[in-house]
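For reference, the structure is listed below as structure tokens.
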Amino acid sequence: MLRVRIPLLFLALSLSVSLAAAEEVNLYSARQEALIKPLLDRFSEQTGIAVNLVSAKDDALLKRLESEGRNSPADLLITADAGRLHRAREMGMLAPLKSELLAQRIPASYRDPDGYWFGLSLRARPILYVRGKVDPKELSTYAALADPRWKGRICIRSSDNIYNQSLVAAMIATQGEAETEAWARGLVANFARPPQGGDRDQVKAAAAGQCDIAIANTYYFGAMLDDPAERDTAAKLAVFWPDQAGRGVHVNVSGIGLTAAARNIEPARKLVEFLVGEEAQRWYAESNHEYPVVAGVEPSATLKAWGSFKADAINLSELGRNNPAAVRLMDRAGWR
Amino acid sequence: MQVHTARSSVFLLPSTLRTPSTWRAGVMLIALVLAVPVLVVFSFVFQPAGEVWTHLADTVLQEYLTNSLLLLLGVGAGTLFGGVASAWLCSMCQFPGRRVFEWALLLPMAMPAYIIAYTYTGMLDFAGPVQSGLREQFGWAPGDYWFPQIRSLGGAIVMLSLVLYPYVYLLARAAFLEQSICVLEVGRTLGAGAWRGFFRIALPLARPALIAGLSLALMEALADYGTVQYFGVATFTTGIFRTWFGLGDAAAAAQLAALMMSVVFLLIVLERWSRRQARYHHTTGRYRHLPRYRLAGWRAVAAFGLCLLPLLFGFLLPAGQLLAWAVQTAADTLDAEFLRLVWHSLVLAGTAALLALLFGLFMAYGKRLRGSLGVHAAVRVAGMGYAVPGTVIAVGVLIPFAWIDNRVDAWMRASFDISTGLLLSGTVAALLFAYTVRFLAVALQTVESGLGKIRHSMDDAARSLGLSPNQVLTRIHMPIMRGSLLTALLLVFVDVLKELPATLILRPFNFNTLAVRAFELASDERLAESSSAALAIVLAGIVPVILLSHSITRSRPGHD
Amino acid sequence: MTDPTPPPNMLDVERIRVGYGAQTVVQDLSCRLAQGRIGCLLGPSGCGKTTVLRAIAGFEPLVTGEIRLGGRVVSQPDWTLPPERRQVGMVFQDFALFPHLNIAANIGFGIRNLNAAQRDARVAELLDLVGLAALARAYPHQLSGGQQQRVALARAIAPRPALLLMDEPFSSMDVELREQLAREVRGILRHEAITAVLVTHDQMEAFALADEIGVLHAGRLEQWGSAYDLYHRPGSRFVADFIGQGVLLPGTLLNEHQVQTELGIIGGKVAPGLVAGTAVDVLVRPDDILHDDASAQLTEVCDKAFRGAEFLYTLRLPSGAKVISLVPSHHDHAIGERIGIRLDIDHLVMFPRSA
């Protein structure tokens, strides 16, 4: 077995990348590296605190955190939705982080009341319609999309996706399960094609004439408008903010929480505070078309062009709680 | 000869039994350790899953089952046809381009399935350039014309077949080349023409190799998540994820996984049973220069076309698209960090390949030495990881490693007031372990099929000439099946290069690979930016693939 | 038959029993072989002869009994000296040449305790001995069957094994090559003073090569002796039937020296313990029946086979019993013709009928 050990040793040496830094903070992130690393680098530059990153899917990270228990090296957990942060809290994997600054800057609906997690950016999931084919006056609420008049006109991705699961979870919270299920059945009946692809693909299909309505997150739509290759395609669609008279547009947050195993608590606090700072909040808006969670930070020009909207004020913890019910409901409704 | 009147103490040891039983214990131990992740996941099976099952059975289970079976059937048919036809043409026929096809047909193997799926979707989707071009050209409106739906079960079958047929091609070609020409000639004297010779003699003789290749392809297809998920095809694998994470029910998810693996196991048992007593050692050691069938005219064109098809669609087109994208984005993506990704990927893949080969060889030889039922079962169990989705394996690695770490830490704290923290979790070692669990089957299958071709009289001859069982392995088997060993090494290497879910979950801080980079960007629908990493995977895979092809060509005794 | 001067036996096989699981393949088998002798285990396929060979080589453990090489115990129940430590060479039915090594390397493979120069010399010597010096650098697949055979032999004897085992060494050869090779091999074994055990189902091969032959039947040793003994003094019906040609002719024991048969009274040594009047079968070989035109004993020719110098006639006696006879080939008789014969038996071999 000696022959095995030598390459392993060699590996350990050649792959050990973490340099011993004076101060560091360890981060498990469900936001992919490209969507967080630039901010982290900026933070390190400013503070001299090294940030170590592992990015993976939310559920996998939760599992890793759970298995590692109190010895987990992670100090902070970032997820792409509030539901999972709520679940992490319930599983006892998060610890409260006391910070006046955070409480002050982040509106109460976008953070845990006890400080277990904090929203960093908002992602809205509005209705996108094809200009010229749909009169925005025909549109009103998510619920109205189940109307037979939209038969064969709607594109949306699979129910495997967390954005759709959250959307349905939010509806369950406000309208109850029975009504939501009836709605889901109606929506499925209006699908222009079996659910497939990602959010951008829904926009593309609509632009190409396969459907008239696409449901997608704003930052995908914004990114397409920024991309010279896709700008013309995306420009065929426009944003409609549904439920403005009622509960508001479905939003979710990308958020962060201190882990129960955290050891580098001070650097962690500094990082979270940095992420809700002016610079970071503007970065979310400018480079990824997410809405800043902090009031008063200007969204990007693209975002501003779509106008302001009323967001669903539901407590985001509800999304996590209702998620399993949402998945089953979509299974029953035949939403693949 | 020395005459021992009294037996010295050395001879009192039952030495023939001693060595094999060490091997047997070793085989059992390795199998047990490698089976831990699968067992951990399966341990959830015994937790009550309650009414989730009723829900699944009422709503989606049938669809999972149907889709998975259709996927297996489709990919099975596709890889078998593509792999066998091209392998036969390249080894037994002579036509223009054959020498290039010989190695080039392996290239799609270096292409990760999810990358090819993203790429083709980009090209062939309703909104893609092909359909848009057609609409523009002919003034069609949406709905005026029929175009195959790329994101569908059929599409998934085509995508997976395109990247998985090389497994069948690889092993089929090796088998055809190794077939003694005498057997084929006997066939011809018995009145079997070229076609009958193929169907009645060559194909049945190559069966173990074909089955090995096919089962690798099918296991990979069954474990695929990226492609089917992107195409919106609900299979067992997507179902496991949905149940585990969406419904939050680990027990039901594990039960789904168990159900899936039972199907795999059943298939393996059925195949073994159907083979029963037939032995596939070569009966004669005589080889001669292969008199290839010379193809001319339309036959040559047909052969050329048949070989070009999988190469074109499995490699040239998607690689061309990737290259075009990579050139566009090169300025942003190629930097020092990118070089580090390449280095990480190569070192990881190389080390994992060596480990898998080492363990595979050890187990396969243990089985040959002492074919006890326990050893056979252990070898089967250790090879099961390949059919299990990478994420499931990763979770199966995560849990026991963290458990051990926490136990050690707790004990050290209690005894010495020292916290050792996590020793194994989040290290490269954990990652390598997961790769070994996942890809051991690849090495094992290849080594076993190589060993199976060496007649047992070889072992006996070597033993009677003074070699110990270990020396028989190193001095006889390993040199003879050099080709198989290299094949195993390179197959695992390429597989690890492409591996994603386990890498994603288990990797240490600040540790990226090409596959992680390519996937993260592609899944964020930034195909162009992901292309340089994807292309690097393909390039890193091409070199071993070409090496592989040469080693196979030369592995045939008497090949010129 | 025992050796007049007893050197220590090179091989002692003592009442061994070998089996796989519940199945017994070889039972209660004993034999011994002196230094320099060539023994042969002869029997039909499936009789267990290869299993005995493999037990001697150390590939099969014993259930009961003992095997000694040069007086040293190498196999006992629950204890088997591994093959690589027995100094036993083996030639396999399929030769099992190592395909990745050339001829010289194959031959030199088992030589360990010599330095490189000595080893090269030994290999060269063996290449000469088997007449393949020109092919030293060739690979096994480039050789004919006969050449592969010789390489296999050279490889097995290169380390100067205490005992050489050969498993059906000529079975894949054509008949002519077989006899020629058998003679060559015998010459080589004699030259190297090698003790050897051969396993075969072909008695001509056994006769050509072996000093002593054991006939195996259904896992048991029927008889151990010289070729002459087996042919002329078979110890059992099976041996009588298996070795050579001949028929068993019914007869009745007259007294302690004579048996009455259809062909007259045959004298000789009668097995002890049999009383007059016992029904017996007498072994009659083709060379025991002489054609004699003067004889009153007429038989009908039912079949004949031309053997060059001789015809082998199958003859029907008046009772319907058949005998076979070798007759010089100038006596050409047609089928159906009646010819006179005379009995001339040197060794009376008979078995009680009931057995």
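Think of it as A, B and C in the order they're written, each chain with its own count starting at 1.
The working rule: a residue touches a chain if its C-beta (ideal position, glycine included) is under 8 Å from a C-beta of that chain, and two chains touch if they have at least 3 such contacts.
No experiment lies behind these values; they were computed from the predicted model shown.
Touching chain B and chain C together: no chain. Across the assembly, the chain pair joined by the most C-beta contact pairs is A-B.
Rounded to whole angstrom units, the spacing between the C-alpha centres of chain B and chain C is 52. Between chain A and chain C the centroid-to-centroid distance comes to 86 Å (mean Cα coordinates, whole Å).
Spacing of chain A relative to chain B, judged by their CA centroids, is 35 angstrom.
On the side of chain A, the complex with chain B involves touching residues 3-4, 7-8, 11-12, 14-15, 17-18, 26, 32-35, 52-61, 63-64, 67-73, 87, 157-158, 160, 165, 193-201, 204-205, 207-210, 220, 223, 229, 233, 323-324, 327-328, 331-332, 336.
Taken together, the chain B residues at the contact with chain A in this complex read 55-56, 58-60, 63, 121, 125-127, 131-132, 135, 141-142, 149, 151-152, 229-232, 234, 238, 241-242, 244-249, 343-344, 347, 351, 354-355, 358, 391, 394-395, 398-399, 401-403, 405-406, 409, 419, 421-422, 425-429, 432, 501, 504-512, 517, 520-521, 523-526, 528-529.
If you check the complex, the residues on chain B that touch chain C are 1-5, 7, 11-12, 14-17, 19, 285-287, 455, 457-458, 460-468, 471, 476, 479-480, 482, 557-558. Chain contact summary for the complex, chain C toward chain B: residues 8, 54, 57-59, 61, 69-73, 78-90, 92-100, 109-110, 112, 139-142, 148, 155-156, 159, 162, 165.
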